[in-house]
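Structures follow.
In the two assemblies presented below, chain A is common to both, partnered first by chain B and then by chain C.
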Partner chain A sequence: MISHVRTIWLTFLHLFTKKVTIEYPEEKVKLHPRWRGRIVLTKDPDGGERCVGCYLCAAACPVDCIALQATEDENGRRYPEFFRINFSRCIFCGFCEEACPTYAIQLIPDFEMGEYNRQNLVFEKEDLLINSEGKYPGYNFYKVAGINAGVKGKGEGEQEEAPVDIHSLLP
Partner chain B sequence: MTVMQHIWIVLGVLFVLLNIAAGLIWVERRMLALWQDRLGPNRAGPFGILIVLADTLKLFFKEDWIPPFADKWIFITAPAIVVGTVLLSFVIIPFAPNIVVADLNIGLLFFLAMSSLAVYSIVLGGWASNNKYALLGGMRGASQMIAYEVFMGLSLMGVVMLTGSFKLSDIVAAQKDMWFCIKQPVGLVVFFIAGIAETHRLPFDIPESESELVAGYHSEYSGMKFGMFFIGEYLGITLISAMTTTIFFGGWLGPFLPPWLWFFIKTFAFIMFFILLRASLPRPRYDQLMEYGWKLLLPLVLLNLLITGAIALWIRG
Partner chain C sequence: MPTIYIDNKPYEVKAGKNLLEACLAQGVDIPYFCWHPSLGSVGACRQCAVKLFKDENDTQGRLVMSCLEGVRDGLRLSVNDKMAKAFREQIIEWLMTNHPHDCPVCDEGGSCHLQDMTVMTGHDYRHYDFKKRTYRNQYLGPLIHHEMNRCIQCYRCVRYYKDYAGGEDLNVFAANNKVYFGREKDGVLESPFSGNLAEVCPTGVFTDKTLKEHYTRKWDLTMAPSVCQHCSVGCNTIAGERYGELRVILNRYNGEVNGYFLCDRGRFGYEFVNDENRVKQPVIRNRTSEAVTEPELTTYLQTAMYNSKLIGIGSPRAAVETNFALQQLVGPGNFYKGISEDEAYLTNKVVRILETGTVHSASLKDIEQSDAVLILGEDIWNTAPMMALAVRQSVKKTAYSHAAEQSKLPIWHDAAIQEFVQEEKGFLANITVAGSPLDGIAAYTAYGAPDNLARLGFAIAHELNTSLPVVSNVDDDLINKAKSIAAVLLKAKKPVIVSGISCYSEGVIEAAFNIAASLNTAERKAAICYALPACNSMGLGMMNAPSFDHAVTRLQREQDMTVVIVENDLYRDISSSVLDTFFSKAANIIVLDSLHNRTTEKANVLIPAATFAEGDGTMVNYEGRAQRFFQVFMPANPFIRESWKWLKEMNLYKTQGSNGHNQPPEELLEKLESTSHQFEGISKVTPPHDFTIHGERIPREPHRYSGRTAMLANLNVSEPKPMQDNDSPLSFTMEGFKGIQPSIAIPFFWSPGWNSVQSVTKYQEEPGGHLRGGDPGVKLFHDRQGSEPSFFKGMPESFAERPEKWLVLPQYHVLGSGELSIYTKALEELTPSPSVSLSQQDANRLNVQNGDMLQVNADAKKYLLAVTINKNLCNGVVLVSAGLGEVEGMSWGSWVKVSRCE
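Moving on to the complex of A and B:
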């Protein structure tokens, strides 16, 4: 009985405590830097597209909402011809970001993407591509990769040795 | 009083009551939210008061479905019974010295009779739904009401002994010097507990208990029929609060302010307490509720009756 009265009294005191409600449209929710929201495609420090069209994100996506087609430019640099994410299916699991070998695809802290028309939730490459390096500044895949795609020649990378002269390997 | 005055009082009381019952939708949600550290509905209109309108509109536009397996006519009448009986109980409540619909000399008995009739709504609703959850809810409702009705009546008898009348205006007048909540504390506590059980509000919402019985006796109801049960519940809260005010807290008596305002303030305080109870206490198990009623409250109230009677006799010499 006493404990009941005490419970009632303590509940009553909650009238005067600070409320936890965040009145959303006026007051924004605090999102953390690694919050998984809207997906973007980032660029490397030199302004080139990071995505190399390896399809790993599309393969990792559990709901199959990524579609892309890889192609090559005249230097042999691979990039996606189109890149399409259907956000009405995406579950924001972040698997695509984990799978990506080039830090191209990233999830950013933004969830305000409501649309009246479902078709508007299908984002094309021009909607996804942003002019920024996102969460991993200073990284350029083609600077560390062992191929020549117009960024650097073979063997000119920082942690790279010059290619071996295969003729010298003969016995 | 002329006939015209009478009609005005009836219409006025009906208007105020139905508006209070509707307004309680908002009051309850807001207060519950505040007690749970939330803000509650505050978007529609000033302070969110238009949620009442939105909710009513929603109820009206919902599909009013009568299950094909239900007992149709009983199913339809059941929700009307609860609202009807509770509204009838308000007939005897004196809101202010002259504002009362019918100051019956058996007022208290009339109130007890009407609040017992309200149980028919639950039993019939549960029965007519032809659904096992609804039936269980109806059965629980019946036994709970019978149990708590017994000592709800008995808890008021102490007051009747001290006043010597069943008439509510006499009971209020007898509290000029001292409210009955001081002379009859046990009666007050027991009456209030029985009142909670009578209105089957949390923590005694055993007939509904949505975590065990879906929604109990009104599982099958939708649309405005469900709305009637809803309104009946809020009217029930108002009724018990008004009765507590009248019988134990001096009704309209109070300094400075006009009598009807005093009555309103006191009643509202009890309505708030009802909501606070809902926010703070968990629901007991069904057998615990019955045990509590028969084994603790009934002996207590009988003892109270005995002692009150003895003292009343002793004072009269």
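Moving on to the complex of A and C:
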């Protein structure tokens, strides 16, 4: 009996505490920037696609829902020919983002992906690619890589010496 | 067997090895770079340091390079010693100071020895704050990509390319911290073995350029054990698929056959599988709609098989199963070999010789280990490339073992031995029609028309065995040559005689046998081998069936015949005049093939056949080793099936039987064994289709295969059921047996911590030795020691020129003469244009020079070909590029007219 009265009393008191529920969807939730939601592919500061088609995200994905094919442009810059995420399988674990060496793939604070038709949850590169650097501005992999992909020549990187003159025997 | 103590634990190891090999053989991992089982040790990378102790009381010890330290009984070493570990970690760190930040875009990634070794040593943080050294890359041709920044200066590439494969255009340049591995200037790598650089280089400096076109990481490939389709050597390969396309061919180690290497034709010649020119749809011609559906085809074939008189034309590039299924379908009396009478006759000769077992049929390993090689009449560099590489190793190793005996240096001590050897070489007598690149390492070369080569062979045989007939009408020169060669051969312990059928001379084949059989004694184990034209020439040759010429006469005799041709472009081997009449006489022509070609054009019914990548089958290589290749992937196109499957279905239509659908391929082999005793044992070439290990099948996909739930999601978001393989113990998934697969079915080499090809060590009894469980393949020819050889007594007269006529022989090209490999764009680019070679004198006589056009009239056809003057060629003989461009099958070994084009 006492317990019942106590419960009613506590419930009554809650009328006067601050509300945590919100009027979703009219009112949107505030999410942390590191919240792991919908996956995007970002671009580097120079507007090029960041993804270099290394397949590491696909390998890291525990549900194997990322498939891509790497290809190269005429300068030898590698990028994905297609990039597909099956969001009906994705568990938003963020492993792909952690595996990505180029900050290309990022999970963003957006979870509003409900679909009536499961097939619509298959996202292709056009659906994934955004025109932004996302959470990690400033990084361009091809500026620090050793290859010449049309972004910088051999020895032009910040941490690089000019190419070796192989005809010289001087130390 | 000496006992060594590794970290105080005793291990029995093989004497004569170095510590690194010994430890790896015991499963003790030591990181290394510059050492390679086929290249020996040079101590260039300093990565393999271990600590060595004087005795059990020695606590100090000293650091040594394990690859440079021989095994001794009672030797004590520590791999886990703190100082040794720190040293190895430091070495990697130094190697990494200039290493680029490239793994994501590096084709080596995921199968990179440098990655593996870095993880093994535990190095993870770069302390070096200064700038990185950079290099410019070179263009090395369409096969190999160069990315020099990734080099760790281990010297493996040049040691392989120059020392092992004999290439002259790759070297090390500059000095100290700037050494550069490449060519003197940009240009195509000349060696036809350059593809191995991609596997030998432990980093991503040299990578497969054809793979780059459709790059896939090792972990994403669906792989299966396969066998190269491009010559009679039958090198073992791993073929990898992704997204329904064949992506790469890698070496599959086989201690008896190809070891660690492949030739470029084999490694890069895979793209025909993905070609646009594939036959994709069954076609019945002369109908309003030619492309037919499965039921339409079935109805057609049911009547066609039941009502018609059938003859079958087999193929030297079709699997044993396919040829046998065709023979079963048409009946033994109606099956023809699909090769010309000459080729069939010569192949048959070779089969008869090897079947007797009087002389051991040499594997590539036997050739490598022989101490004297005689090549008689075959340009193996171009017809059986890996055989040429094996001969080169024999020449090298013989000199090495001499040096090792004299100097007491261990044979693996590559740098020291090389220094000792200097220019000394083992014995190779290269006797060919017009020379080959092997001449450079031959102690003895001779050129001549096939008949003269045969006579030289018979003269040698006579020197070895005086009861054999003397060569008539000889000059002293020939006798002296024969004497000097015979003298060396007699000193050898394991001589090998290499020959082949490409100079279309019976005498050459016989002489080679006479020499080998004369050399074969209780103390001296001689061996013999003959290179043949195609991957399954031997398997076809071993079948009891007449040649194609008999099929031609049969059609002239009999009307209303239905001809079934399987996987054979007859125009490559038979002249078009013969073929055109043949086809006009046939009432109905049914062709099964994988690519459109001139023969498929003649077909009334064309049925798509699987290539090696889409089907299972067995090939018999030149030494009589039956080898199984496994289906790599199931084609999306349901019409693409193995020819033997189609033929078996057709057989059911014919007999109106209803049992026997979907039988696994081994049942065909069992049936073959029971009908033809020469194939005895062939069904052991594969584990049965229901073979499992602890109830698990062997997965074709590595455990980190990615994208399973997305790769087909664009078509349907619900994943399809994994495909079922009812023909082999391999599965199309990543689940199943994890561990060292049985040697007979290794889809890929992988072992924990060893992602790169170097993991093959874990599959071997010892590094560079046999695979655990035995090297795969079943030898169909058995040695019968002590059986009396039946020598050949007849021999040809010496070659005489004819006025206005030339003896025409084929000139093969290692990259170019392959029927299927030529579909690879990169190889097409490297293919020479067809030409006709003739001697300087003949050129003068015809008043032509290099590059001029000559007209060759062969088999009622005219060819216009550019002249190449070959100074080794004798007068009266011309060589015509075989299988290149417009050049069709010719009656090789016949006399043709050659004239200057006005």
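The rule is short, and it goes like this: the second predicted complex is superposed on the first by the 153 of 171 C-alpha atoms of A that agree within 3 Å, B and C clash if a C-alpha of one lies under 4 Å from a C-alpha of the other, contacts with A are read in each partner's own complex, and residues count from 1 in each chain.
Rule of thumb we're sticking to: a contact is a pair of C-beta atoms (placed from the backbone, for glycine too) under 8 Å apart; a residue touches a chain by one contact, two chains touch by 3 or more.
In this text the structure is predicted, and so the values were computed from the model without any measurement.
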First, second, both or neither for A:Gly155, with chain B first and chain C second: second
Partner chain(s) touched by A:Ile147 [first = chain B, second = chain C, both, neither]: second
In the superposition, chain B vs chain C on chain A residues touched: C
Touched partner set for A:Arg78, first chain B, second chain C, both or neither: second
Contacts of A:Ser3 with chain B and chain C, given as first, second, both or neither: neither
First, second, both or neither for A:Val52, with chain B first and chain C second: second
First, second, both or neither for A:Glu23, with chain B first and chain C second: first
First (chain B), second (chain C), both or neither touched by A:Asn131: neither
Chain B versus chain C as contact partner of A:Phe12, first or second or both or neither: first
Common interface positions of chain A, toward chain B and toward chain C: none
Chain B contact footprint on chain A (complex, rising order): 4, 7-8, 10-12, 14-15, 17-21, 23
Interface residues, chain B side, partner chain A - complex: 34-39, 42, 276-277, 279-281
Parts of chain C lying in touch with chain A, wherever the complex brings them together: 99-105, 109-110, 131-137, 147, 149-150, 173-178, 180, 182, 212, 214-217, 219-220, 243, 704-711, 713-714, 716-718
Chain C partner contacts - residues on chain A that touch it in the complex: 52-56, 58-59, 61, 63-72, 78, 84-86, 88-89, 101-102, 118-119, 121-122, 124, 141, 144-149, 154-155, 157, 159-169, 171
